[in-house]
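Shared between the two complexes below is chain A, which pairs with chain B and chain C, respectively.
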Partner chain A sequence: MSLFARQLQSLTASGIRTQQVRLASTEVSFHTKPCKLHKLDNGPNTSVTLNREDALKYYRDMQVIRRMESAAGNLYKEKKIRGFCHLYSGQEACAVGMKAAMTEGDAVITAYRCHGWTWLLGATVTEVLAELTGRVAGNVHGKGGSMHMYTKNFYGGNGIVGAQQPLGAGVALAMKYREQKNVCVTLYGDGAANQGQLFEATNMAKLWDLPVLFVCENNGFGMGTTAERSSASTEYYTRGDYVPGIWVDGMDILAVREATKWAKEYCDSGKGPLMMEMATYRYHGHSMSDPGTSYRTREEIQEVRKTRDPITGFKDRIITSSLATEEELKAIDKEVRKEVDEALKIATSDGVLPPEALYADIYHNTPAQEIRGATIDETIVQPFKTSADVLKSIGRA
Partner chain B sequence: MSKFPVPLRTIGGLRPSTTAAISAANIGFTQSSRALSTGAAAKSSGLVGQVARQYPNAAAFSIKQVRLYSSGNLPKHNRVALPALSPTMELGTVVSWQKKEGDQLSEGDLLCEIETDKATMGFETPEEGYLAKILIQEGSKDVPIGKLLCIIVDNEADVAAFKDFKDDGASSGGSAPAAEKAPEPAKPAASSQPSPPAQMYQAPSVPKSAPIPHSSSGRVSASPFAKKLAAENGLDLSGVSGSGPGGRILASDLSQAPAKGATSTTTQAVSGQDYTDIPLSNMRKTIAKRLTESKSTIPHYYLTSEIQLDTLLQVREKLNGLLAKGTSGQATKISINDFIIKASALACQRVPEANSYWMDSFIRENHHVDVSVAVSTPAGLITPIIFNAHAKGLATIASEIVELAQRAREGKLQPHEFQGGTFTVSNLGMFGSVSDFTAIINPPQSCILAIGGASDKLVPDEAEGYKKIKTMKVTLSCDHRTVDGAVGAVWLRHFKEFLEKPHTMLL
Partner chain C sequence: MSSRAVSLFSKCGSRISQTRGKAHFTFQPSTTLPAGLENLEKTKMNLMQSVNEAMRIAMETDDSAVLFGEDVAFGGVFRCSLDLQKKFGKDRVFNTPLCEQGIAGFGIGVAAAGATAIAEIQFGDYIFPAYDQLVNEAAKFRYRSGNQFDCGKLTVRTTWGAVGHGALYHSQSPEANFTHTPGLKLVVPRGPVQAKGLLLSCIRDPNPCIFFEPKILYRLASEDVPTGDYTIPLGQAETVRSGKDLTLVAWGTQVHVALEAAQLAKEKLNADVEVIDLQTIQPWDEDHVVESVQKTGRLIVTHEAPISSGFGAEIASTVQKRCFLNLESPIDRVAGFDTPFPHVHEPFYLPTVHRVFDAIKKSVNY
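Here is the complex of A and B:
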């Protein structure tokens, strides 16, 4: 654990937050930490440019995710969210950076740490928080909860560790079949990196040169086990063997964006899949039942928050480079807080779906089916075929 | 991964309340839908219309940290309620505060440590700012979750304003209400109706396929659960038409089943040729209740000792010889049991823990040793008492026992004669069949001594090579709440010494 912290520290020390060069009044160039490469001759550019508009957007996006996750954590402690809840705080740069490099039609599939991704790919904060509290206003009207949120081209949170990896390869297969110039970003953690399914999916992806980015968000811990204790090789970007890979500093949004752009070009050129490892950190426990301090020290977490935080790091950069002023960012903070507070109101006051909604959304485009309930004597004919029908019946369509 | 929270477990007529609820709900549901379609939703529908309409306003809501933008003369602040740090936590104890009033709080800082039902957990600050006021002090025990824990403000200058802040009770009841009483600056006048918490829509009645009469192939086709219920309730399945696939009888079909009693008398029998049912006497009920309670609530443990009886038997023979000559009045023969009672009483004096009562909130150490002696009567076990046994001679004990046992068998004991002993002796030695056993403590007493039968034993002897001795095994059952193992062992050492060297009882 301390090893990991030291690693992170050394990254900072070696100066990833490097000198920026002023190009024009609205565009600034930064240096990022170079990517480590596996079976590649050259990698993403270490010199990246950022304009004011993007800077403010990225900052806002990361703040929304951070604030939304804090709100979710608080709701959980009030017992307004029950069951599963995995928070993304600390890893915001990965999602926002990758999203910034994605283009129309690109798809994402991830595991259960999915709140931030759901929001980035089109859901509102209200939809995410209300889904967590199981209300009608939720992303899937309260039927999915923390691990099962979806938007267009976002194939969801997936509850089973590692199950999303072959699914992501499948999405990429569809893209190739349709001759789309798109990639499927398939995310998993350092824990799921040891799942056999990944290697099966990798084999087929390479065999058929599918446009899939296997992205390992390495936050250092698979639940409460450090990467060093769980993985024979912690060089996750090399573990695709015959699939090339790159290591990216996942706490630097610009490095992530640049690497993802580069990886997309690699896939689009028809070279097949690519492995990416995002070195990042998770501030909260694995889930809400994990205080997160029994396998690492609170000091280690605070150290990362102080020296490597993706948001404060980025904030410093854009202020010192005069892309934005502190006041402007404070105004964004305030706006974000307001947005999350508004969403909280709805997430805690909205109604829930009627029970018969449980029988809906089972088959696509069939007449009403006879559906077995918890026991065979609860077999009923679907009162509603889809959630949309249910919503219509309660006047919420 | 997720469980279905389906509230409909309808087993037909067997659960009438559930069925009723569902059909009632059905009515409510259809009404609401109609109301909505006619545009009168807000008035007539408590279920549906409101949610749709209130959603944009969200008039009343409840979140734990309420941001108060103008609360009287207090500056903007966040009220932090006691969080649930484990999924099952209801009450918490604030073990320690890691921050003081006035301290700056940054994200991830440890605010305080809270003991949940499972462990002591660190509570990280939910909000950046400054800790303005601590409302639940260190060491406060069993505070319900949702109670106002502290106040956090954004600006350091605002800390002073909360110096004398008192919780106005706005958040005192559970996890929800913090906001309910809080001023609502943006409250629209129209939405004065109480806010619906979580609106539950009710299910329409569950359509069921019509019951199919089951085939007459001899074997009754029924679900295992239906068979089980039928067996438990004595129902006859042969006349039931099942509504399941192929006429299979389901649990929900059982409401039409005739009771088996109607066609057969076996389940109605009270007393047949093969057995007799005996009504419980009050004494039997008391024995059952008290001993069950004792064995299941008292942490019993058992200590066994083997006691050599040869010296005691010699003494007893001499004493009985004297008694027979009439030197000591009317007394009858002294038995081994009398020695045991006397020795127990004296051992209890040496080890008062064994002579004490467990009184739930304290332990009562008795100054007199009143030995209860278990006596078997035709009606059941009863324990007449030798009061002040430590102060009585063997002859007195012997004559009292004889007299008490006699009256016990006749059922003539007065309550005070068998209630309130401080120590019990139970002797099964006279049957010759029991070598040793463990007895159940007679609460609130702490110990009971179980005496087995005497038997001959060969032991090594320096002079002869071996010799024959007589021994008996006794087992002391102790209540570990009052008598620890070492204490029980000391008691047994004294007891063994008294019996093996009876003259020490004179000391």
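Here is the complex of A and C:
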């Protein structure tokens, strides 16, 4: 068993099991594992309250991401998704918990494991799955694929390891410049934590006290390499050095939500950047070509699923605290399954952009390009400058 | 070593020591101004001052514009941002750490969030740590997001080209590295008039631009520059000398070398050489060059960067395709050699007036 899995296991053993106190039929108080702190005197509350409405919403959100990623995995096996595809299964509490703490105008930029974030920040399941299959109904009409999806204030997934880190700092500068009370959540993995540009971005962010939250989603493995084999220090929340940091149990949605709320207040108050490390776990391989079992055992994955799964753990909590019933959650599961199944139909049947779209969106005013047809007589000058022009031409504007 | 070799070597040595530190060309001020600028009030400026003036105007007319880079707060190593922090404050003009990848990525983020970002990379040679950010992020942001996001408000300014003593890492001309990347615009001015107008165009263009500033011209190049707010369109070449016998294409400092070579060709060969300043390297003005070659039947492209895969090859290929039946002689390229940019051998490396003249002579006598 890897050191990382042992650490996760020890969390359960060391009293992370939530104690709950009944407040009222619609609101319950829970205790979460304390955050580890770096250069901070105090951190997020360990006593958190959860109301019924939020409980059902968080459960549903995590289930949508899990179900959507399972569907993506199946589509890949059926060769309906080609190329790269990085699944978020196991890490849902990170995204849903953070989103729960965000306010209007906050921005997010992440790496390539971005399907869940895209959906959470406003895209539909159809848009996500259809982007994966390269269809017109996709979030970017098939031009971005698995790693590049966008919504308002979501600056996308990013296919280059670590490249989003300085971009996030730049977005935060724009926020500070405009005097917005917002943060830019800049996510990266434990693998990208060793990228030089993270240290460049962190230094600049601290120099100018930018409202940027550098979040390391530590799922234990940078591709096929365990964190302890790639990092001289695996305490990623301390690696900002002069930038304060907090470690959060990323498998506990309530811990994530509270920590993010606290971190947001910290950044909003003008104190500058903060490093967060979310201790989480991915069930699948790094990407679809990685079975995920050559550098860890199947037993390790099963153990985490059994004892630390963010969805089943949360489900147990809200049922035992009477915030929701088993039947209500089953109804949500059914509804989610239906939503994903409907999306799958479109994602596998919708058309693809015509070839002329190849030259759209390169520049603001992309010059017309000559495209050679199957014969010299079929050579045309493509008339489209943007995807919107192309969509209009096929009646999909 | 034979005595003959020793004497040859010592002669070379003395020639090098005489030549180093001197400009390998004479700056030729603009004889005509771009259309619409003729009647504007003018003042004498060098290239450094005209760049400074362009940034001042950009920041005055756009409240969201910010300027950042290594040492820009006190004016930068070439003083291009002199007094701008004093005028616009520390929130808008500020130093960054020495981290080009961070500067570029940071600039992309600023621009993507809607502010106008003017990022300075101190030397073109230092742009390579930022290469990934510029090529994989800046150039592709619009494309990969289906036009939902872009960083068109980003302009990266960097110094460019030989300076007489820059050696390996303060002399390079990296424009061709970026021409392989659709999504970026690349601009190199030949003098103060062009620098001001083209830089303002870059800053206001809704696409990410890299603006290469020939550092040897910062103080050497001085001419009458219109004082107001003006732009020179991107993507348009300019004929700086008309001719009927041969087309000579260059950009940046090399335009002045080309003009001298053209004058020499007139005197020695009675050849009328047309000189075109490309100005924008990407997207380059194909039609302008093609029309000229259709008239002259001959083409030479000259640039400081090494010859292999230099941008001259792209121009040659396109012109060969579009002007095949007009050509009277093979297209030629006069460029830097395929070596790292040398230190003591800079005078031998550079595509000098005499090397360009030799190519003209070969072409017209073909």
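Assume the second predicted complex is superposed on the first by the 378 of 397 C-alpha atoms of A that agree within 3 Å, B and C clash if a C-alpha of one lies under 4 Å from a C-alpha of the other, contacts with A are read in each partner's own complex, and residues count from 1 in each chain.
Assume a contact is a pair of C-beta atoms (placed from the backbone, for glycine too) under 8 Å apart; a residue touches a chain by one contact, two chains touch by 3 or more.
Just so it is clear, the structure is predicted and the values come from calculations on it, not from any experiment.
With chain A as the common reference, the superposed partners chain B and chain C clash.
Look at A:Ile160: by the touch rule set out above, it reaches both chain B and chain C. Of the two partner chains placed by the overlay, only chain B lies in contact with A:Glu78; chain C stays clear of it.
When the shared chain is aligned, chain B comes close enough to touch A:Lys345, but chain C does not. Judged by the touch definition given at the top, the superposed model places A:Ile319 against neither chain B nor chain C. By the document's definition of touching, of the two partners only chain B reaches A:Pro355; chain C does not.
Mapped onto the common chain A, chain C and chain B collide along 327-335, the only clashing stretch among 237-245, 327-335 or 345-353. Residues 148, 159-160 of chain A touch chain B in one complex and chain C in the other.
Within the complex formed with chain A, the residues of chain C that make contact are 64, 66, 91, 94, 96-97, 99, 101-102, 104-115, 117, 132-133, 136-137, 142-150, 152, 182-183, 185, 205-207, 235, 283.
Contacts from chain B toward chain A in the complex involve residues 1-2, 4, 6-12, 29, 33, 36, 41, 48-49, 51-52, 54-55, 58-65, 67, 81, 83-87, 106-110, 121-122, 126, 145-146, 175, 195-196, 198-204, 206-209, 223, 225, 244, 250-252. On chain A, the positions that touch chain C within their shared complex are 107, 109, 139-141, 143-144, 148, 150-151, 155-156, 158-160, 163, 165-175, 177-178, 184, 196-197, 200-201, 203-204, 207-208, 360-365, 367, 386-388.
Residues of chain A that touch chain B in their complex: 70, 73-80, 82-84, 135-137, 145, 147-148, 159-160, 283, 288-289, 291, 293, 298, 301-302, 305, 341, 344-346, 348-356, 358, 373-381, 383, 393-396.
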